[in-house]
Each structure stands twice: as C-alpha cells, then as structure tokens.
Amino acid sequence: MADASQVDALYQEIILDHYKQKHGSGLRDPFESEVHHVNPTCGDEVTLRVHLDGGTVSDVSYDAVGCSISQASASVLNDLVVGKPVDDAFATLDAFQALMQGKGEVEPDEDVLEDGIAFAGVAQFPARVKCALLSWMAFKDATSQALTTQEDA
Amino acid sequence: MPGRGAGPWAAEDAAYDVEAVRKDFPILERTLAGDHPLVYLDSANTSHKPRQVVEAIEQHYLQHNANVARAMHQLGAEASEAFELGRTKVAGFIGAPRREEVVFTKNASEALNLVARVLGDAGTVREGDEVVISEMEHHSNIVPWQLLTERTGATLRWFGVTDEGRLDLDDLDTLVTERTKVVSLTWVSNMLGTINPVERVIARAHEVGALVVIDGSQAVPQIPVDVSTLGADFVAFTGHKMVGPTGIGVLWGRYDLLASLPPFLGGGEMIETVTMERSTFAAPPHRFEAGTPPIAQSVGLGAAVDYLTTLGMENVAAHEQAITAYALERLQEVDGLTVVGPKEAVQRGGAISFTLDDVHPHDVAQLLDSRGVAVRAGHHCAKPAHQRFGVQSTTRASFYLYTTEAEVDALVDAIRHTQHYFGGR
Amino acid sequence: MPGRGAGPWAAEDAAYDVEAVRKDFPILERTLAGDHPLVYLDSANTSHKPRQVVEAIEQHYLQHNANVARAMHQLGAEASEAFELGRTKVAGFIGAPRREEVVFTKNASEALNLVARVLGDAGTVREGDEVVISEMEHHSNIVPWQLLTERTGATLRWFGVTDEGRLDLDDLDTLVTERTKVVSLTWVSNMLGTINPVERVIARAHEVGALVVIDGSQAVPQIPVDVSTLGADFVAFTGHKMVGPTGIGVLWGRYDLLASLPPFLGGGEMIETVTMERSTFAAPPHRFEAGTPPIAQSVGLGAAVDYLTTLGMENVAAHEQAITAYALERLQEVDGLTVVGPKEAVQRGGAISFTLDDVHPHDVAQLLDSRGVAVRAGHHCAKPAHQRFGVQSTTRASFYLYTTEAEVDALVDAIRHTQHYFGGR
Amino acid sequence: MADASQVDALYQEIILDHYKQKHGSGLRDPFESEVHHVNPTCGDEVTLRVHLDGGTVSDVSYDAVGCSISQASASVLNDLVVGKPVDDAFATLDAFQALMQGKGEVEPDEDVLEDGIAFAGVAQFPARVKCALLSWMAFKDATSQALTTQEDA
C-alpha cells in the first residue's frame, strides 16, 4: 500500500515547495482568537491565530512544528483562506476535509482547493491524514471562537 | 419426551440449525474422562469460541501484528485498521450512535469499576448522595459501588428481589429519588436468569437526574441490544461470554458524558500532551484506554459479533428462550429439585439455578461432571442474591447458542443419577 | 561491510542462530507494497509472536476453554491449571520467590496505575510526601504519578538525564530523601535505550524507607531478570513486548507488601465474601485481579516465556547487545544523523532514536516504510525526554531476537535514500 | 480425569458416613479462640472454636455450611485432634495437608490419619482440595491464636 510510486504521490513537488517555503508562517497581531492544537499520536503542534474583519478572514498566522505534510498544509491553508469570506473559507475546509477522509475515492476540485489538490495522495495514508488536517482543525476551532467573541461583543 | 414441538417457542426454533452451529465449536466434540461426551452447560460463566474467532486471532498475530495508533508503517496501519474495525463492529452490534462511544476494557468488571472510579473522581457522587443497585447483582456490579460509596461517604441502596426472583420495583419511587446520583442494574441476572424491565428503571432515574449504568454482561450475548433506544447512560459487557476472547470487555457510554469525565488510568495512548508540569488527555474512547490496548482481542471480538450477526441475534434469543423453556419444564419434573428464580420462560435468560434436597451443590456438580455434564456450583458471584433466598450456594445450568435439548436431557438424567448416588447408598 | 566479526560482540553472537529463530515468526516472511520484504525494526513498540505462542492460544481456545477458579468441572480444571501454569512460568522466568507475587493486569500501564492507585488509597502517599520519577520515563510511568500526586497533594520530583542520555544521579541524595515515599523508575528507556543502574537507586530509596517501582517493560524482554536479588518492591512489564500476546501485563510485588494493600478494582474473583453491608477481599494475587482474568493470554504468555527460556535470556541479551552495537556503528556513519541517547553499546538496550538533519521524523519513517523498513517516528510516549533534548520527535529503530545485521544494513540504505529524496529534488 | 470410578474414590463410604453423622458438630463453650473461614470460590463457610487445656486440644467445636467433603472433613478433624497434644495435632494436620496437596502421589499413613485416609481420592480433584482443607486451616488459625493468647497471659 505504500510503495515508491505512492510515496511520490504523497510527497508531491508542490507539497515539498510549501514545506521549504511556508506562506504566512509566524504569529502576528491583531487577532481575535488563538488556539493550540496537538496531534497526540506524533506530537506535531500548531499555534494558530485568526483575525476576522467583519465576515472576512483577514489573517491566519501560525507557528507550526511538524512534518512536511503538516507544515505544507498550514501554508496552503493560509493561501486558501486569507482574504476570503468566512463562509467560503469554511466551504474550502469542508472540501479539504472530505478529500483527506475520502480514502482516495474523492475527486478534488482544483477551483476550490488550488494547491490543496496536491494533498490527494495523503488520503491513502491513514496515519498522515491527521498531519494534513492539524492546522485546518485549528483554523476551524479558532474561527468559531472568534465568531462567538464577535457575537458577544 | 415432553418439550420438542410442544411449546410456543418451538416455531421460532425450527429455523435455527443448532447442529450446524455446533460444528463451528471443535471443543464440543471432546469426550471427557470415562468416555463421556462433553455436555457444556456453563455458558453464563464463559462461552466457547467458534473456529472463526480463533482463526481471526491467529491470522492477526501471524500476519498483521503491530502496535496501533502510534505506528506509521504498513503493518502498523494494518493492525490499527484491524483493531479499530473491531470497535466499529461492536458499535454496530449494539447500535451505538458513534463508534467513539465504545471503550475497550479488559472485562466487564473493569468497565464497571471505570465508571464508578471516574464518577467519584469527577465529583458526580459525593457525601450524602445515593447510589442504587439491586440484590441480584453480580459482585462486579456491587463491590465497585461499595468501594465508591465508602470512599465518598455516599450511601448504597438496594432494589429488592421478589420471591419469584423478579426485581421488586414497588418502592422504585422512594428508592430512586433526588438524592440518587447513579442507578446501576443488571439487565439479565447471571444467577436467577431474570430479564429486568430496565426501561422502567431508566425512566425513573432520568426523571430525578440520576445516571444509569446497565450491566449487560449476560444480556448482550443473548438478546438483541440497541443502546440508541435503550436510554441508558452506560452499558458494560464482556467478550468471553459472547463467543469472543478473554482479555476484552466493553464500556459503552454516551459520547458527551464520556467526554465530560476525567481519565481512569494514565499512560500511553490516553494523553493529548504530557509535560513535567501536567498532562492533558485525549478525547474518548482513547482517554479511557491507557497503554497498549487489547489489539488481537478486538480482532477476535469483531469476529465474534460477525458470527452472532450472521446467526442473527433474534434467532440466538429465540433459541435461548426455547431451550430455557424446555429445561425449566424438564428440571421441574425432578422431585426435590427447586428452581431459584423465575420458573417460567417469560422475561428470562438462559441460566437456571437450582437446589436439590439433601445434596450440596458441589456434590451435585461433581457427580454431573463424572458424567461429562459441566455446570457451575457455588454462589456464582452473587452472594447477596443467594442470601436473599436463604441458600448458601446453588447449582447452575446455563445455555447458549450451541445447546441442544439432548444436552438438557443428559442433565436431567445425571441429576437423577446424583440423587440415587447420594440417596441410595 | 563493517561489523560482522569485527566487534567484541561477534563472539557471543556466534552461537545464536538468528535465521533459525526467524523461521518461528511467519510474519517476517511477508513482503509489503512494492515487493519489499518486511524489515521490522519496531520491536520496542511491540514484538512479533512465534508460531509456538499463537498455537498455544489456539489450542487453549479450541480444546480447553472454560472460566477459571469458579468452575469445578473437568474443562474448568484444565483451564484453571493452564491459567495458573502461566503464572507459575512467569514467576519462574523473573525469579519470583512466590508465584502468588505475580499479578496479571491488562498491560504494563495498568500495572503501574494499580500501584499508584492503591498506594494512594492505602495512605502510603499523602499531602506533603514526595514521589520521584525520571525525565526518561514512558508516559505510563509518568501520568499515574501525576494523577496520584494531584489527588493527594504530594509532590512529584524528577531525576534528570545527562547530555549523553544517562540517568543523572548527581543529586540522588538530595532528590531521594526522608520525604520520598515512592521512587518509580524505568529499567531500560524505550526512547534513549539507556539501561539504568537501578540497584543504586533502590539502595538509596530503601535507606530512606521509600518503596521502589521498576518499569521493566523494556528490560524483561531483553535482559535476564531476577527479582529475588533485584531488591525492588514492584516490577511492571507487559506481555506483547516479550513475544507474548496483547491483553496481558504483569505486576510483580513483594508478597507481604501486596498482602498489606487494599484492592484496586472490585468484582468477581477478588473477594473473600460479599454482603450487602461490606465485602472482604481475597489474598494476593487474586485481590488485584477483579473479574475474569486474561486466561488465554496467560497461556500465551507462558508459551512466550518458555520460548525465551529455550533460547536462553543470556543469548537473547547478547544478540540484542551485538545487533545494537552494530547498528550504532553503522548509523553513525551517516552524515547528518544524530543519535539521541548513549552512542556506545554499553549499558544499552536495543532501541536507537535519532534525528536526521532537515528531514522530519515522520517523513523519515514514511520513506523508510516505502522500502519495507518499519520504524517508529514521534515522541514514543516519552515527551519529557524529547523536551530534554530539545526535539519534538525522533525516529526510532528497535531490535529484538529476530533482528539481523542485514536488516540494519537495509535501514541504513533506506536512510540514505531518504536523505537523497528530500535533499535531491 | 473424573469418571465414575474416580468419583467413587472421592465419595468413599466413610466420607458419606461422616457427612450424614458429623462428629462434634456445633459450637461449644469454653474456647480460647474462634475463627470464621470462607472458601471464596464456592462460598463454603466454617466457624470454628478451639479450647486448649495446657498443651492439649481439649475441644474443637464448629458450625460448617458446605459440601459433603468439607463437612466430613470437619468431622474427621474433630475425631483426630480432640484430646491430642497440640504438637501431635499439628503433625496430623501436616500429614493431611500433604495428602491433599500431593496430587494423588502421596501414600497416606493410616496410623496417623485413620478415617482421614478416605480423603486420598480428593487429591485428584484440585477444585475440591480447598473443601477438604477448609476446617483444617480454620483449626490451624484458631489454635495459633489460642497459643498466642496463652503466651500473652
């Protein structure tokens, strides 16, 4: 299930590029919420901040320690959601999550996922799905918290 | 010969091919000392395992063995998938809304202790609170609550049992009150055989805001169970009584409840993160599964529920009902034999405890054994229930999906032989 | 090729026929995706099981299955004898003065939790007292003590680890003092591979009247152990790491100590008598074994220690030492590879954790796996030890009695391939 | 291992006689110590009193609930130890215990064990050994306690 060709499908050029050159890495002000998520299996960690501007995700900043998959996925997350309406960002998240948990049977939509389609190969590696989803789950959590704060205010 | 074809149960039983079932259990072909074929009537104690279950375990060890969760290699992925598939199958088997509601323990006893410990640690049960159990509980559903109430200063209260061996619910409303924090009750008694009206108790307990723990150790093996409609908060049961392996039990719990409770044992697999200052804990079910889990046992239990599902739990229940009815009838033909527990096969599981005038249960069991008939004698881990009926011990015959009427006949013959042996010399 | 015949270990290793040993483990003949033969270097996580162990379990289930202790029939006697024989064998294997000192648990984690819980319940550890563990412990020997000290108001203190990965005993006398009630220490580290000088710690602890718990999870599988001369009060270990089944662990404890402690879990088998008012408890080991025990697993563990005894634990240890020395040498030839833990095969077990410059351990493990080489990546349930070395995770290769030098060579080749893969594109 | 002939060896005539007609049954005064022993496996119970007169066992009285083996064994115990010096009684106890735990390989000495030799068959039934030993262990416990009391006095 994990021979050389599948490993190549996992470590696509795009993923390695994002890994080497992370987009939007680092923690920045301002932000409405900050979360810290851990992958208990392997110890990968991410601290992630969300800054909302009305209904728009105006920044996602993060500090991530982990493997190439988890790091590249944070970088792609940043690309895909910053500057987008929260609803669109959540729709992208749903699409990404569906792809990851689809066991290789979900066809990715490049219009929605852009560089994210490079993660299609991850779905074949159950142990790595959590890596790819780590920052996305952190984003979901942080954004939900930020929205609640907005409502309360 | 009475029985066969005579009762209302015979119709249901017709479709069920017990002889075909028996072929899956090689142990049933054994002959014992003196060339007696084995007549195994001790399934409430532990059930036998079909070839399919044993082979699944064997295949797992020899071809897919690895540790789970933490291994990222191919064998690790295979083992993790196999282990978690066992959980999925068990969840499906009992109708759990979420597979994460199935916590693997080492047996039913650990499952019950787990609940009692964490409810204490969580402060759900405190000084002045009450916990209600029944006089017909197995020790595994008594001692954890005695220890909890002793530790916390809470009070343990008891449902009584009627002369017929039924749960006495006359004082349901005065026993289960605003002070009650937990009601823990067996679904099917391992001694009396009684099937309890758990729904009524659950309804009352929830009225007063108490949690309900159901000891399903004898129920899950023999009746179709759907926790999604049962209404209980926790259900405990054990692999070895449902054609599965030893070394695995199950605690099912409502997800939100499990998620609100502190851990039981600490260690690998149940943590989120560990620092020298403090640790945080994983979500259920892993929070409650410290250390390497019963991996091969989950595979075996998965094969066991597959086996039961293929037979059909309705058929298993119907067979149990039919064979119990037959046995109750035949046993009560014996002079000097007294059934302790409901004497009719109504709301009744397949365990029949009895006494025989002037012969001690040990001596009965010993004589039966000398004819190849395996029953249990003693208090069956239900001392308070024995005390309730003024007996120190009983002999218990218990049936399962491979039990035949011919085996019940052999039991009756051996009992008569016993009477003769002790009376006639 | 370096190694074979070159080091001081080669002589000991000559007598040991690893190829013959491998024939007992069918899983080692597997080929994985891409037609790579399995190179299993994850034995510190769990070991494989020889045919002999799996067959013993199979035979038990298919021919001798019954519940133990409480059954008086022939199958029950066979099952009880088989179950208790497993205990006798384990006791013999570790040199326990009495077989009743061997308590069966579900894994090492439960064994460690058991000790922590009952020492708390017994009042041995109270507010103001101290418990000492080390920075190199497995989470299963950290979290139970964190939970205990939190519950009781005691303080948890830690032995440090030197830069070389050895236990730092410089402050032994100031760390272990009259306030110390328990010292719990791993014998062999599952991450660093270090074999700790437990005797020195035991001597100091006993000087101040503290109890000593040894986590032998990695020690008992690979070095000869004699608890009768070790001096520890408790030793915990786990079946699945010593060619035995999952679902069984062992707590060995001094008999008089066990006899003085309250029960852990309540239920069947651990009682003396149960009344509605109160219960009294059986003597060790049964006091600590509530419910149906891991019967088939005891049979399997008995077969496992027979297997190890036939090989000879001295030979197993010598092979482990030889293969570890060879691997340390070969791994350190790789540029950019840093071993975290002792770099020489002196007082060292067969687990080697390492980092590779610029490649994350997950990615290392993934690439190795694509060549059939199974290692573990992550924190190996030893987060504080990783923190100590300023790394979030490592890759770990671990060896056992079936590991060959050719497999170590395959590991090294695959590591070079990994470096090329991530560096060269 | 337990066919009809072995069961006959277990339930020897002598045992059934003692079972039907127990010697020395009932609790009597005076006594220096009373113990209550339970066989946790099966629930058999015995309450047993020992009365010492200097170095002699002058009475063993008991109330036993249990199977034929455990009851007959209490009756034989009474026969064998009452009126004997404590040392002799303990020697008899040792002989009886050795017989029970000998797995059928110990040859009983009729001079020492008298009716007790009828229990030889029990050794073949591991589950019943505890039944046969229940009252003997209670006797050992009670006598030790009584001796301690004597010393203290």
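Brief remarks follow.
As written, the chains take the letters A, B, C and D, and residue 1 is the first residue of each chain.
What we mean here is this: a contact is a pair of C-beta atoms (placed from the backbone, for glycine too) under 8 Å apart; a residue touches a chain by one contact, two chains touch by 3 or more.
All figures in this text were calculated on a predicted structure; none of them were measured in a lab.
Of the two chain pairs shown, A-B and A-C, the one joined by more C-beta contacts is A-C. Chain centres here are Cα averages; for chain B and chain C they lie 32 Å apart.
The distance from the centre of chain A to the centre of chain B, each centre being the mean of the chain's C-alpha atoms, comes to 45 Å.
Taking each chain's centre as the mean of its C-alpha atoms, chain A lies 37 Å from chain C.
Spacing of chain A relative to chain D, judged by their CA centroids, is 76 angstrom.
Of all residues in chain C, those that touch two or more other chains are 32-33, 70-72, 74, 76, 271, 273, 362, 366, 369, 377-378, 383.
Shared contact sites, meaning residues of chain D that touch two or more other chains, fall at 1-2, 41-43, 125, 128. An unclassified topology is adopted by the chain contact network, corresponding to no line, ring, star or complete arrangement.
Chain contact summary for the complex, chain C toward chain D: residues 69-72, 74, 76-77, 80-81, 271-273, 282, 286. Those residues of chain D lying in contact with chain B across their complex are 1-7, 10-11, 13, 16, 41-45, 65-71, 125, 128, 131. Within the complex, the chain C residues that touch chain A are 32-36, 360-363, 366-367, 369-371, 377-379, 383, 386, 392-393, 421-422, 425. Within the complex formed with chain B, the chain A residues making contact are 1-2, 38, 40-43, 125-128.
Contacts from chain C toward chain B in the complex involve residues 26-27, 30, 32-33, 38, 40, 42, 45-46, 48-49, 51, 53-54, 57-58, 61-67, 70-76, 105-110, 112-113, 121, 135, 138-144, 146-147, 151, 158, 238, 240, 245-249, 263, 265-271, 273-276, 278-279, 290-297, 362, 365-366, 368-369, 372-378, 380-381, 383-384, 387.
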